[in-house]
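Below you'll find a set of structures to go through.
In what follows, chain A forms one complex with chain B and a second complex with chain C.
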Partner chain A sequence: MFFHIVLERNMQLHPRHFGRDLRDKLVAKLMKDVEGTCSGRHGFIVAITGIESVGKGLIRDGTGFVTFPVKYQCVVFRPFKGEILEAVVTMVNKMGFFAEAGPVQIFVSNHLIPDDMEFQSGDMPNYTTSDGSVKIQKESEVRLKIIGTRVDATEIFCIGTIKDDFLGVISDPGATS
Partner chain B sequence: MHTCDLCACAMRVTMCNHGSSLKRNMCPHPGVYAGMCMRCGQEMDDEFGVAFGYIHKKLRLASDEISRLRDKDLKNLLRDRKLYLILDLDHTLLHSARLLDITVEEGYLHNQTDALPDNLKSSLFRVEWMQMMTKLRPFVHSFLKEASNLFEMYIYTMGERPYALEMAKLLDPGDNYFSSRIIAQGDCTQRNQKGLDVVLGRESAVLVLDDTEAVWGKHKDNLILMERYHFFASSCKQFGLNCKSLSQLKSDESETEGALPTVLKILQRIHRLFFDEALEDNLEDRDVRQVNLSQMAECTLSFLIKALVLKTVRKEILKDCKVVFSRVFPTNFPAEQHTLWKMAEQLGATCSTELDPSVTHVVSTDAGTEKSRWAVCENKYLVHPRWIEASKYTWQKQPEENYLVHAKNK
Partner chain C sequence: MGTIEPFNRLVKLAARAFYDDITTKGENQPKTGRSDNRGIAVVVLDALTRRQWVREEDLAKDLKLHTKQLRRILRFFEEEKLVARDHRKETAKGAKIYNAAVAATGDSQQTGREGDEKLKMHTHSYCCLDYSQIYDVVRYRLHRMKKKLKDEIESKNTVQEYICPNCSKRYTALDALRLISPYDEYFHCESCNGVLVAESDKLATQELGDGDDNARRCRHEKIKDMLTKMEEQLKPLIDQLARVKDLPVPEFGSLQAWELRANAAGRSANGELNPNDPSKSSQGFGFGGTPMPYVGETKVEVAFSGIGEEGENVKPVNANKPVKVLPPWMIKEGMNLTKEQRGEANKEVKMGGTTTAPELSDDKKSTTADDEAKNIQDEYIKAYYAAFLMRQHGQEETVQKEQESTNATISNEVYSSPTERQVGMKSKRDDGYEGDDVKLEEVPPTGGRTERFKVHDLNVEAEASEDDEDDIDWEEG
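For the complex of A and B:
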């Protein structure tokens, strides 16, 4: 799920940046440091949308660096247990399939794939229903439910399921009209 | 209707007790992805089950699940009339050498592709970012193409993952043969040992092709041992071989008679024997290791037969000769243990230390010994020891006249 929240961060700036463009430089450094990172609490920081406030700078003892507390607004993405997500399939094998929803990597094991879908190996491994009407393969879009999440420094991993109503393939890239 | 959102088991119950820890404990936890059970999402131990990092770096599977997957996969594979084949890389399918180990004599290998000899144009590769060169073994592309019709193939190397992936790109540019089935050193569960525990195939349907026997300690019956491929000079030194390497001789293994075409025939034979329709038992109950062993036994048997035939033929060479040696063995040396004595006996001759009328040849380097003079007097052949050696190497009794020992001129 996406959220638009306010976060705070202490930014350290080298004296050479002090001058007319101090605030711009501060904002640029913030974007470079923060966009694309992950935290357990907030999830994946997608983009900074604005700066709410920049506090008074404090000179650190013994160095010339100055610390500014910056409050900024940003869009974050964090999956929750029980949430329904749409994802794109990246790999299919006998154990299940891997899918991606933005920076989140999701694994749906074959235990959580409906029983009437069988794994077919070959050039384009896939899961197909017995009548061939539904097929999950690389690049398919699927709707799945998250049943577990794990966050590390730069990536978020999830376990997903499609064994419920209204879950499964949204669009089939191999389908003929 | 209610679907449990704790373990997503999709059980339709009107009143669910899934909030209790009871349901959690009932989940068989078949495997772990990124530290979470792949069926109920529960946080699991980092050391759970067996790591299958080569499929996905965060994947681990429980032994029950591994067995279940193996059984299921075997059914599908047997239906397609295929078995599993594990291939080693170094010295089996290719040979790699670091650029700084390339000798001066091998300098021509640095030439542009157009300037290389024909056989190297499509089989010699320079991997700049790894600072090394790789030579694919002759026939390797045809081998892989043919084998892929009979086997689902894996790469299993003791090299590191980046190396393994790079070699897979050279061997399988179209990603038809291996896909994610590339196992490297980091995936082994035991140091310096390759194991079938990380292969998602039942052991009774797996064949292994490797040039090293020692790393397959637990699975010797699955192994077909390959002749080592040495192209670059660097490994000749490493393995203690004193000869020039193929690259230095500007030569290569035969495209049609080399190790790969030979082993392909063996694999085709084993495959044929395994899927023999005349047998009455179920395919799933058959064991390719037994076929492999019987195939190996047959090879050994035919080799032994050949050796036996040669031994019999050899005994005909000097069969009617009775030989006495004079001043050939050091004194106090037990005559019967001397190489020449044993050689003469292998060639069918009878050896003796004493002279008697049945003696036909006296072997000596000196015409002046008592036995030598006796030979000349009694009109027996007095021959140099080289007569015996020559007869051995030419597989026929040499004319004694060419090896007569004459008295020294006074």
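For the complex of A and C:
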């Protein structure tokens, strides 16, 4: 799920950036550092929407670097257990398939794929129903439910299921949204 | 402590439901008919429902079990969170505190731990049922059982587990990222690169399916059956849980707190001071100041009581003069009222008290002089003292004779005599009393006392009796 929260970070700035554009340079550096990263606690930081405040800079001893505490607003994405997401299949395997929902990777094991879908290997491995009506292969879009998350310090990984009602393939690969 | 009976019943039901086929033998050991000890866990739990904090050696003796076996079982229960254990180093004296505490709670099966060990610290282990945890643990267990079966039935939302057949390392689906191999489509073990096998639902795949559909239906039926059978067989346990839900849980507290409480309770029940105070000073335990209200005790206790603020005052005094422990007049009719062991402990310590009576009596005189005017309780105590002294007069003679008895036999005799005396009556005890006094005198609890014992033996008793005779003009009604 997406959230809009305020985070704080200490940014170090090299003296060569001091001058008229100090603040802009600081913000640019912040965006470069933070966007796209993931923290276990907040989730993936998707985008910075604004700077709330920049504190007084502290000159570090021994070097000329200055540390600014910056408060900024940002959009974060954090998956939760029980959440239902749409994801794009990236790899199909005998043990299940891997899908991506934005920055987070989700694994659906074959145990949680409906029993009527069989694995078929080949150059395009896929899961197919017996009558061939539903097919899960690379680049298919599926709707899945998250049943577990593993949160490390800088990484989030999920496992999901499509064995419930209203879950499964939404559209086939190549189909326009 | 709340009503314990429903909780005990809960423990017994849980033991029979879940632990009745626990055996202490390993998987590979031969199980003959004779050596099969399944169900021993139930026996142990039942025994624990009848006791509070109990020393493991004592429990083993009562149950006629090998200490090691019992330890193994108790360790298992500790891991299951049913039993609380406490291990502490004690000298023989410390064991007495515990003995007294148990005696105060009415346990009749006491074996003391007297020996020639003067100051050797052994690690004694104590165990006790932890009722609040037992309640939670049983509920959790039931919840997990039901959840597992329900998940199987609905076959949803279970995290898949993978096992490596080579090194039997376990992984979950959450580790899937690390397990995929670029070469083939299977998961590989991180350490041995063996192909992982998905751990299938054991309950569901117990039977080989006939055909796919049939297999699934059979599995479903089996699991449903299992669920209904489980609920029906566990019904008494669940009912007991419901009954116990609203009752206050019996709480024994930590071992030390329980001992303090039990000793104080015993004391207030019997109207006499805790004779184990000396052992406290000799052991240097941090019994500390749990202020306990006691009934009918006089301020004289200020010098000697172990529990309460007075205890703290006493400690430094006692530290300086370890011999000065208990005033002899503390020990009295209480003898008849308390258990033998208590009496034993009393006597033992008393001996320490009697030998130091000269110093004590001085103190007492001053304090008693002050207290005379105060409470009826003071007078009561003194009356006891009088009775005791009367007895001691008669004992003095035999004291001299029996002083020659050997030390070696003392400890043994001390413990054997109680059992004899249990059979006997007061009169017997009076007679044997002297013997005990004598023997105990010669076995001082601490090294420092020995000399004083021998020096003061007869003098002490003579002085004490004389002095107190003067004070005592009145006899209790």
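Going forward, the second predicted complex is superposed on the first by the 168 of 177 C-alpha atoms of A that agree within 3 Å, B and C clash if a C-alpha of one lies under 4 Å from a C-alpha of the other, contacts with A are read in each partner's own complex, and residues count from 1 in each chain.
Please note the rule applied: a contact is a pair of C-beta atoms (placed from the backbone, for glycine too) under 8 Å apart; a residue touches a chain by one contact, two chains touch by 3 or more.
Keep in mind the model is a prediction, meaning the values are calculated, not measured.
Chemist: Using the overlay on chain A, decide if chain B and chain C clash or can fit next to each other.
Modeler: clash
Chemist: Report for A:Lys163: first if it touches chain B alone, second if chain C alone, otherwise both or neither.
Modeler: In the superposition, A:Lys163 touches chain B and chain C alike.
Chemist: Can A:Asp123 be said to touch chain B (first), chain C (second), both, or neither?
Modeler: Only chain B is touched by A:Asp123; chain C is not.
Chemist: Could you tell me if A:Asp115 is touching chain B, chain C, both of them or neither one (first, second, both, neither)?
Modeler: Touch status of A:Asp115: second partner only.
Chemist: State whether A:Val6 touches chain B only (first), chain C only (second), both chains, or neither.
Modeler: Touch partners of A:Val6: none, neither chain B nor chain C.
Chemist: Output check: A:Ala47 vs chain B and chain C. Expected answer is one of first, second, both, neither. What do you get?
Modeler: In the superposition, A:Ala47 touches no partner, neither chain B nor chain C.
Chemist: Which chain A residues come up in both lists, the one for chain B and the one for chain C?
Modeler: Common interface on chain A, chain B vs chain C: 91, 93-96, 98, 105, 107, 109, 111-112, 121, 147-148, 150, 157, 159, 161, 163-164.
Chemist: Can you tell me which positions in chain A touch chain C when the two form their complex?
Modeler: Result: residues 91, 93-96, 98, 105, 107, 109-112, 115, 121, 125, 147-148, 150, 157, 159, 161, 163-164 of chain A touch chain C.
Chemist: Going by the contact rule set out above, which residues of chain B touch chain A in the complex?
Modeler: 3, 5-10, 30-31, 33-43, 55-56, 58-59, 61, 69, 72-73, 76, 176, 180, 200
Chemist: Along chain C, where are the residues that touch chain A in the complex?
Modeler: On the chain C side, the touching residues are 155-160, 173-177, 180, 185-187, 198, 200, 212, 216.
Chemist: Report the residues of chain A in contact with chain B in the complex, numbered from low to high.
Modeler: These residues of chain A touch chain B: 81-82, 91, 93-96, 98, 105, 107, 109, 111-112, 121, 123, 145, 147-150, 157, 159, 161, 163-165.
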